[in-house]
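Worksheet for the structure shown next.
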Amino acid sequence: MSEFTLFTPLDETKVFRDPIHGYIHVNNALIYALICTPTFQRLRRIKQLGATYTVYSTAEHSRFSHSLGVYEIARRVVHENKYVAQSLTEEEKIYVQIAALLHDIGHGPFSHVFESLTHTSHEMMTQNLLVQPSDIHDLLESAQHGLGLTIASLITHKYPKPLCWQLVSSQLDCDRMDYLLRDAYFTGTKYGEFDLERILRTIRVANDTLVVKQSGIYAVENYLMARFHMFWQVYYHVNIRCFESMLVAWNKRVMMVETTDRLVMDYHHLIQNPTDLSSYLMADDATLISLFKILKDHDDPIIRDLSNRLLNRNLFHEIYLHDTTMEALKDQLKDNGYDPTYYLLDDTPMTTATRPYQSKGKQKINIITNDGKIKEITEVSSIMKALADSKTQSEPCHFIPR
Amino acid sequence: MSEFTLFTPLDETKVFRDPIHGYIHVNNALIYALICTPTFQRLRRIKQLGATYTVYSTAEHSRFSHSLGVYEIARRVVHENKYVAQSLTEEEKIYVQIAALLHDIGHGPFSHVFESLTHTSHEMMTQNLLVQPSDIHDLLESAQHGLGLTIASLITHKYPKPLCWQLVSSQLDCDRMDYLLRDAYFTGTKYGEFDLERILRTIRVANDTLVVKQSGIYAVENYLMARFHMFWQVYYHVNIRCFESMLVAWNKRVMMVETTDRLVMDYHHLIQNPTDLSSYLMADDATLISLFKILKDHDDPIIRDLSNRLLNRNLFHEIYLHDTTMEALKDQLKDNGYDPTYYLLDDTPMTTATRPYQSKGKQKINIITNDGKIKEITEVSSIMKALADSKTQSEPCHFIPR
Amino acid sequence: MSEFTLFTPLDETKVFRDPIHGYIHVNNALIYALICTPTFQRLRRIKQLGATYTVYSTAEHSRFSHSLGVYEIARRVVHENKYVAQSLTEEEKIYVQIAALLHDIGHGPFSHVFESLTHTSHEMMTQNLLVQPSDIHDLLESAQHGLGLTIASLITHKYPKPLCWQLVSSQLDCDRMDYLLRDAYFTGTKYGEFDLERILRTIRVANDTLVVKQSGIYAVENYLMARFHMFWQVYYHVNIRCFESMLVAWNKRVMMVETTDRLVMDYHHLIQNPTDLSSYLMADDATLISLFKILKDHDDPIIRDLSNRLLNRNLFHEIYLHDTTMEALKDQLKDNGYDPTYYLLDDTPMTTATRPYQSKGKQKINIITNDGKIKEITEVSSIMKALADSKTQSEPCHFIPR
Amino acid sequence: MSEFTLFTPLDETKVFRDPIHGYIHVNNALIYALICTPTFQRLRRIKQLGATYTVYSTAEHSRFSHSLGVYEIARRVVHENKYVAQSLTEEEKIYVQIAALLHDIGHGPFSHVFESLTHTSHEMMTQNLLVQPSDIHDLLESAQHGLGLTIASLITHKYPKPLCWQLVSSQLDCDRMDYLLRDAYFTGTKYGEFDLERILRTIRVANDTLVVKQSGIYAVENYLMARFHMFWQVYYHVNIRCFESMLVAWNKRVMMVETTDRLVMDYHHLIQNPTDLSSYLMADDATLISLFKILKDHDDPIIRDLSNRLLNRNLFHEIYLHDTTMEALKDQLKDNGYDPTYYLLDDTPMTTATRPYQSKGKQKINIITNDGKIKEITEVSSIMKALADSKTQSEPCHFIPR
């Protein structure tokens, strides 16, 4: 019944032009079919860096092109790195490429911030789309029975051979390698650049896990420093945190209104039932933009004001408690007619997930020394030790209107 | 009453990071205020290249960052090129920068294709926003009485000193110089690259018009070839023309339905009254995306099908009449249950506006030779002559469903 | 007796870092051994662009890195382009790579200008090194009897299958593709950039000759325009022609002196016996630099002056006969104490070899149209026709001291 | 009598094309005259990275283009950074640019390694050229009496206002900023890239010394990491150290031979009298190349062998004492007919000068915090602390023939 198996080739290699990789090459029919599904095409409508474009105005690239990029790095590493190639079965090579391609299909509008609105994670949503009925799931099953579950096991680190999931999701994976280069390119910063070619050349395999040859250590240091600097200069920029805090406040208020407007009702349903896949798959950046536009004329003045601000980038500004007190701030806001519940915003707390590098559990980056010993990178590099131990350098702040 | 005049400086130069120009520098308070208006911020929600991202997936950059880029080139040329600097008054230097910044504010969803849906042009809409009440207009007037009209006169080539409008809109203007570099960067092609620095260095002024020094001729040839190749490889790509033809068919059908859905009613109003600025300013790419999502479940099967296709990039394909006849095509479509009115689409006709270079009227690129003579570029370069005379290389086609 | 055959692999792939290609990959033992010969290492001591560094100061790259780059493109095309791969035997793939690597070993000091001093061509010298006893020749013979002659036949276009030599030396060959990109990179100009990846993807084979698929035509146009602009902006720069004319004058005078100085005697021998390979292989850029330094204190005032000028970049300047006459120039020079024989220099005549593109003999670039017809590129592109027909745009000049 | 003063402008700005800075701009007549001196032109004949091109084959760039680049950064910082501009007198702005341009004129053949052959430093030679009669010195004096001494005082850190010499020579100076970018570009590595524009924007001045604004700390970290990685990946590459050790051994032997050959006699004189400026100024890379070529046929077998090896890149290889003992190595070499004095070579010891960053004396990089406090960078960045404290990661080795 199925059109193709795991290995069916395309008649002709399809290529996608890409500024990071030159071309992205697809010659597997299943992978091409996955790219053509509505669920994957939807990633074109979700910006890779959420609200970052309000600060770095050219950061307008989507999860779609990033996902193709992760796939391309995966495709190269499983074929071009002979150590990886020898350690994987032919089936596993396809698994790794599919998991790389699909790792982000669960993302919602404005990427990460949506997770906090819905109290879900994009990884969980990705899993749902892989194992519950969906265009993606059905296609996977048609090629190999149980494939949805297999791909999900790579994304959840449950696949028995660690190398397979480490290539997709670890401290040194195709995901991060693509997004650092891509985010640097599209923001126009240089912090994210590192030597991808050298890392790909120095990857080795020991006990079915990914390690890096000693001579690759500088390239890995460079990559981790790139992550560190991208985090502080781009990902954690104060104005982006501000936009996200404002979105959280807006969401809180919007969820309280009673409405007969279809778009708003749909939004209520979406936030309250994020695991309803059919409504989730209709959510994208345009969903929020359209709501801002409708609600900027709403009866409720707080909704009206916040919608206007989010639409037109009229941001709050940061305030530090060492300069004032919460009580004074609240009084000041009330004097100006602002309800502190929506106008005195906590900063998004930085989770450990955003640390540039941490060595815990199976997540270490391991180096294989010239004499065959395996050591965690912080053991051999004092700079990476300092990086792993580094404390957050930013004082928490609050956001209020100007 | 006004907060600032034409020349009020900012306390501190504002900079925007940009991959093409490194940084974009703003130290004029009026220009910064213009950037902060909702009308200008709206350009963030309109992709520079419309549907091109369906073919070059990273072509996701907006009119916003392009407009900043055009401004930056204008800022540099009026200050750094001493011939231009000497030929302009201080007021004119500001005019040129403002016109460069605002030249695209009239663009609608998906940029150029929207002009054919509304039978307007973005230049006309830009003018309206400059001379009719709007946030932009009001700000301009507050700085200098009549400024809206002055800026409009640069955009319509009516300002008396040709140099002023030539820098903004001509065969060799800041607009094209930015978009070639930017579109090349964001598509990942190399065709749009040329030597901006050299062109900026070799610009001269003769009789208040822009000319290029003879030694800059190769840089200009390079720039025109870049335009030529970007046109054929990117802007005129067959699949983009297909997407646009499908959008035109979709629009035709959508305009016929009776509806009580607010979004659809708003769309009807927008298309029928494009010069109603308040509704026009709410139109952006998200407007169309949201309609596709709503209408993919509409009662009308044609609307349903086309909305689905546009949302999920399920494109028609091209067919050439040398391989078949119109009658045969129509019969074939009808046999498959397709109404040829919406499923046999004409190709978008190429207008002369898209020709890489034409020497007509005041639009010539003039070279000033070493002995002071002024010659049109096709007189001194046989290759540019061939370029100007080149016929379209593409046979017209039609688009039908696969 | 021989250490290796044509196909012996290295234990581990050797890589050379290269800014143009990322890495250059060598895993054939013969090719690596050829790179290690003194004859090939000598190319490190010969600048790719001769005197160009006196104008573009960073054009200091050598024939060595260029030769590796040509090899790398050849290696990729014979393996990655499936049409080429299918048309060549395994032996021919090695031949093409070796010929690409060795095509420039016959170059002398300051590259092309040395050919006019010795009345030889670098191609002829390359042939001599391939077929007469030399480290290169001996190595080739040890791997396969007659291999020197085979490689020479690729360089002289005598190898029976045209595809083989076309990849090495034709209007669209690995040599030109590398040097345009490399010279653009090292001069810091942008004129030489084109889309190498796309050309490599659109190469096809018809009747054992190289053709390009119709969809690659813009990439080829771009490449030919790159050549055209590099020629006029870099290769044919008036100050480089001036330096070369001064070198010719210096050589004429140096060849007349009687001397007992070993370096000068060696130089006389070299110029008079260029086909004496042992002395030729000791000639490199340092040979001329050392002579300039010794002869700047010579008894003969003309040798002294010209040596000083060449060493310290004290160039003549150009003069056009439309501004004066030869007689007037000569009188003026004599009045200033200059002998016109050495101080009134003809411009280097531009040979047809330096034309950006000419369609003659087997040298055409052929396009294969979508319906399988083969057409020369000037038939399908009016711009390339104009390029092929373009006349020199530079008036001949003379050079005299300031 | 003098042609120009410190401030005489050129009639027209001279520009030099440069891949790192786009164009290098000169409009000061004195600076242009300095560039045209034989002493400065000589830097074209000295490779920036000495023997590095034997490992990174494209590292063929000269001290000449580097020196222009350092000047260009200095020119920009003294004009474009308003804090620096306000802290310097107009004279000091010229001093800084001249010192930046001339800081390397004292370098000898193959750059740093030559210092150990002559037991001099290039800084001392630079000083000599500034304060003793030379074309450079005379030109400086003609523009302003005592200028040679003034420029020397910037290079030796004796000029009273620290900002002036810090821009030229410190832990964060125009020299390092240029060479990191330039060496990265010409080697084709990415390790040396950092965000020059941001550093130039965040430089501030406090108490006449250079400090960096807190928001520039990531850019400085990035720059120091770039230095760190360039050091380990490029500058300290084992094969380059090997080449340099071989050159030291060769020099030792060559200095012992008695000879009547002029080139060799000149070399003896040069090494024994490095402060004889007239002979020093004739020394360049070609001097050594020519000697290798002459001496590869010398009577002495050690000179013959080492000359051959250096000419043709036939390098020794490294050996670690943990694998063997000195005695065993010596015995092995003697058995093979090698004299250990010349064939068992110590590794070049790494001096502290090559450490990526050290905070000592006036050499610190200081950060000015948002509240105006000045702190050394290792106080505010734990990663830079780790970098400053990092121990050499390379075990010392010896070099012997294969």
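A, B, C and D are the chain letters, set down in written order, and residue numbers restart from 1 in every chain.
Here is the rule we use: a residue touches a chain if its C-beta (ideal position, glycine included) is under 8 Å from a C-beta of that chain, and two chains touch if they have at least 3 such contacts.
Fair warning: this is a prediction, and the values are worked out from it, not measured in the lab.
Enquirer: Please identify the chain with the largest separation between its CA centroid and the CA centroid of chain B.
Expert: Between chain B and the rest, the longest centre separation is with D.
Enquirer: If you line up contacts by residue number, which pair in B-D, A-D or A-C shares over half of them with B-C? Let me know.
Expert: A-D
Enquirer: Where the centres are mean C-alpha positions, what is the separation of chain A from chain D, in Å?
Expert: 43
Enquirer: Hey, how far is the Cα centre of chain A from the one of chain B, in Å?
Expert: Each chain's C-alpha centroid was found; their separation is 32 Å.
Enquirer: Counting only residues that touch at least 2 other chains, which ones in chain D make the list?
Expert: In chain D, the residues touching two or more other chains are 22, 189.
Enquirer: Within their complex, state which residues of chain D touch chain A.
Expert: Those in contact with chain A are residues 189-191, 193-195, 218, 221-222, 225, 228-229, 232-233, 382-383, 385-387, 389-391.
Enquirer: So in the complex, which bits of chain C are touching chain A?
Expert: It comes out as residues 15, 22-23, 197, 201.
Enquirer: Enumerate the contact residues on chain B facing chain A in the complex.
Expert: On the chain B side, the touching residues are 16-20, 22, 36, 38, 41, 44-45, 53-54, 56-58, 60-62, 64-65, 68, 185-189, 261-263, 282, 284-287, 289-290, 293, 311-314.
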